[in-house]
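Here come two complexes built around chain A, the first alongside chain B, the second alongside chain C.
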Partner chain A sequence: MRHELALRIGPVAFRIGSAWRSPLDALARLYAGYPAPEDGLCDFTVRLEPERPWRRFIRPSVAIRGDYILPDAAPLSLAHGLLAAEMGMNLQMALGQRTWLLLHAATVEKDGRAIVMTGESGAGKSTLAALLGERGWRLMGDEFALLDIGSGALLPFPRAISLKNGAIGVMEAEVEAGRFGPRLAGTPKGDIRHLRPNAEAIARMDEGAKPALILFPRFGEAAAVRGVGQAEVFMRLTQASTNYVALGRRGFDALTDLVRNVPALAIDYPDTETAVGLIADFRRELAA
Partner chain B sequence: MAGPAYIADSPGAVTKVALDGLAVLFHEPSGMTHIVASPAPEILEALQEGPADLAEILRRLSEVFDVEPLPSMGRGWGGVDSATRSVPAAMPPPPQPSPIKGEGAFAEALAARLAELEAAGLVRRA
Partner chain C sequence: MSGAALLVRALREPGSIGACDWNALIGAARAEQLLGSLAFRMEGQAVPARVEAIFAAARREAAHVRTRALWEAEMCRRALAPLGIPVILMKGTAFHAAGLDASLGRSVGDLDILVPRDRLDAVEAALVEAGWERLKEAGGYDDSYYRRWMHELPPLIHKDRDRMIDVHHTILPLTARPRPDAAALIEASVILPGTGRDGQVAMSPGHGFGSRGEPNLPIATRSGAVEGGQHPAPHPLHHSPAANGPPPHPGEDCLRVLAPADMVVHAAAHLLADGDLAGGLRNLWDIDRLLREFDSPDFRATLAARARLHQLDGPVARALRLSSRLYGTPVAAGRLTLADRLFEARLLARNGWGQERRKLLRFAFYLRGHWLRMPPLMLARHLWTKAVMR
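And now, the complex of A and B:
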């Protein structure tokens, strides 16, 4: 490819190639301070290519390609090239990852105890994780939780946090401007702005943690907490996993172990501050 | 009672984990996961003795269980398959005990459960 960038996020190394320079420049700024792959080898390759050869120059339209592709992935405008790179990295992980059980979940850690937050898109898990990451928790990841099949530990995957719409303002009030990517207006998911995790999250990206609590947050309701039965947790987590089926028996064993050993709660919350307060309460109970 | 005989895979082919009174089963030959409620695990266990028709399964179950109070599993609980993403987002409420009484009614419920297990690929005709 004309332009290339290699970077490591937690245990996964990516090579991103692009027909244009601008998305990689934006990506390099966003991931400033992240290590390069140690041995130069990459687990996944993402390619940003013109949808048609002539469209590198005329109304450029970015198609996401890689080792694993979705045939109906829609091309994005070049102005959204950074989003294309991020989506490409997500896609390679979601479709190609076979080493860990992947859960579509955000994870934060404190005192060696990790809280896994999973839910539908819009449940607020990215915002919650981003906010907790600035309030004394370590952000392990906002998109994917990597469950180590042998040990049951969670591994960090601290990608840039993808903030959408209302969450952008919440975090702009909390974090210095230099850690944000450009505001991408009018993407298929609305407005998006990426946020680089803080220095602690990057420095400790090789340090796993034991899962201590599984949370199913739901934004926009009056504050409420309820326990969730193990069978329901199991079912929800199979739905939240992108590679459960591909892992076969290994995935089944890892997920049933997680569900049997880790308590789970569903929380409704009207605003992120309420959720942060609830989670601080849970932490005190876990530590007691 | 004449009818088809059913057979289940050997115990090594199915891994069972109990979660809150339900059972999750990993079916090795298909790679599929099923979440089932009683009496589905008991039916599978009864078939470990060998192929059996409905009457024989009923006889085996009644050796271990009191048939009369055994609740019906309710429709749609026979082979919920998370692997194909047909699992509903939230659990439906637990099925109520069936009002049907007596061995005949139980046999009817059992036939329905067997049909569900067959559709899920956990039992097949011998």
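And now, the complex of A and C:
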């Protein structure tokens, strides 16, 4: 490919090839300070290619390709090339990851105990994880939690946090400007701005943690907390996993161990500050 | 060296791969659906830790692929058992069910079966009854085209399991020049022991679920219904005539596979007498594995005779030459012709990023694929209809 960049994020290494320079320049700036993969060896390949040869120059259109492909994925404009690279990495993980059980979840850690937050898009897990990551917690990831099948530990996967619409302002008030990517207006998911996790999250990207609590947050409701039964937790987590079926019995065993050993709560919250307060309470209870 | 050339070298001589562009090797292997096969070939070789982790995951996944493929075959067997007809597994599912070397790490997409042509309607009805659904609009151009001219029914997909089934009645489109003898394919087919009423092949607890990621699972359980992997049952295809089942009879509820020589003929037809050779390295790898496993003087004579019978001696000879050339298959294949070199270049048209290369050559083979399928007038009508439909 004309341009390429290799990135290691926690235990996973990617190489990203691109027909254009600009998406990789933006990616390199966003991931400043991340380690290069050892000996350049990568787990997954992402390719940013013109949809048709002439679309490299004329109304450039970035098709997201790689080892694993969604055949009907719509291409993005070159202005959204950074988002294409991020989506390309997500796609490889979602479709190709076969080493760890992958949960679509955000994870934060304190004192070796990790909280896994999962929910549908818009539940606010990214924003919550981003904010907790600036308030004394270590951000392990905002998109995918990697569950190690042998040990039951969670491994960090601290990609850039993808902030959408209202969440962008919340975090701009909290974090210095140098850690943000460009604001991408009018993407298929609305406005998006990426945020690099802080130095601690990057420095400790090889350090796993034991799961201590599973949270199902829901944004936009009056504050409420309820317990969730194991059967429901199990069903929700199978739905939150992209590779549960492909891992066969190993996936089933890992997930049932997690569900049996880790308590789960559903929380409703009207604003992010309320949720941060609730989570601080949980932490005191877990520690007690 | 192109990514595909590197992949071919690694498959042929895993020991020759020392320091290489591992990213290119893995990228090309994924793109050609050969990562699983490569992972088994490279087992035991000294490779960097990250690469070994990728191979180990691919070997574990192979056990799951196998379980799913055999389960799908079993679902199909149950749906068709009441018809009392021979149901013959083909391609990847057949390799897995028969426990052939070609199944090691072999990916499986659709389930391919062969049934007698005069029972197609009953087969389709039984599958629809069991939850398979039509993908093509009934009576539309594609649907009618399949039914009139193709060697298979329009594809059906299962509504719960989301898996496709291709129901063949022969191995080449009816419009192709060679006319394989479908009745002879069925007549010579081999019963898979352990399927049927007391059938345990697909559902033996020792399969897949019992693996716990042991890297040699598919080897240990290769031969059908294995107990504990200690005493693999004799290979069904190595019992020559005795293992050939009795002729199809009413009440038959066992699965079958093609006889060894017919399996190679079919693989060669699929690769070289039909289609545009996309993903052809995997099909050629199947051929290499089958030839090595079946090889014997008797087999070579049978293969030549069966190739002639099915009017596919040209494609089979070319498959032998290409397999010998690329994978070093130990067969007396003769020298590469000029045309063979084009086929070789087409098969290797993939770089280390997994991208297809040599656009013109690929387009030429695309046109050839259509040319093989249809007489000129029919091709013109087909392309016209397709263009208008878009």
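Going forward, the second predicted complex is superposed on the first by the 288 of 288 C-alpha atoms of A that agree within 3 Å, B and C clash if a C-alpha of one lies under 4 Å from a C-alpha of the other, contacts with A are read in each partner's own complex, and residues count from 1 in each chain.
What we mean here is this: contacts are C-beta pairs under 8 Å (C-beta built on N, C-alpha and C of every residue); 3 or more make two chains touch, one makes a residue touch a chain.
Keep in mind that this is a model prediction, so the values were computed, not measured.
With both structures lined up on chain A, is it a clash or a fit for chain B and chain C?
Fit: chain B and chain C sit side by side once superposed on chain A.
If you stack the two complexes on chain A, which partner ends up touching A:R283: first (chain B), second (chain C), both, or neither?
Neither chain B nor chain C is touched by A:R283.
Which partner, once the models are overlaid, touches more of chain A's residues, chain C or chain B?
Higher number of touched chain A residues: C.
In the superposed arrangement, does A:G248 touch chain B (first), chain C (second), both or neither?
Both partners, chain B and chain C.
From the overlay on chain A, compute the angle at chain A's CA centre subtended by chain B and chain C, rounding to the nearest 10 degrees.
The angle comes out at 60 degrees.
Go through the superposed model and pick first if A:R159 touches only chain B, second if only chain C, both, or neither.
neither
Looking at A:D43, would you say it contacts chain B, chain C, both, or neither? Reply first, second, both or neither.
In the superposition, A:D43 contacts chain C only.
Quick one: is A:H194 in contact with chain B, with chain C, with both, or with neither? Answer first, second, both or neither.
After superposition on chain A, A:H194 lies in contact with neither partner.
So, A:R138: does it touch chain B (first), chain C (second), both, or neither?
In the superposed model, A:R138 contacts neither chain B nor chain C.
Using the touch definition from the top, say if A:G17 reaches chain B (first), chain C (second), both or neither.
The second partner, chain C, only.
Just checking: does A:R260 make contact with chain B only, chain C only, both, or neither of them? Give me first, second, both or neither.
A:R260 sits against chain B, while chain C stays out of touch.
Regarding the shared-chain residue A:K110, is it in contact with chain B (first), chain C (second), both, or neither?
neither
What does the superposition give for the shortest Cα distance from chain B to chain C, in Å?
Minimum C-alpha separation, chain B to chain C: 5 Å.
So chain A touches chain B in one structure and chain C in the other; where do those two contact lists coincide?
248-249
Spell out the residues on chain A that touch chain C in their complex, using ranges where they run on.
For this pair, the touching residues of chain A are 1, 13, 15, 17, 37-43, 45, 47, 49, 66-68, 96, 98-99, 246-250.
Which of the residues in chain B end up touching chain A in this complex?
15, 17, 19-22, 24, 26, 28, 31, 33, 35, 80, 82-83, 85, 87, 89-91
Using the touch definition from the top, list the residues of chain C that touch chain A in their complex.
22-23, 26-27, 30-31, 48, 50-51, 53-54, 57-58, 60-61, 63-64, 67, 208-209, 211-213, 353-355
List the residues on chain A that touch chain B in their complex, please.
229-232, 234-236, 238-239, 244-245, 248-249, 252-253, 256, 259-260
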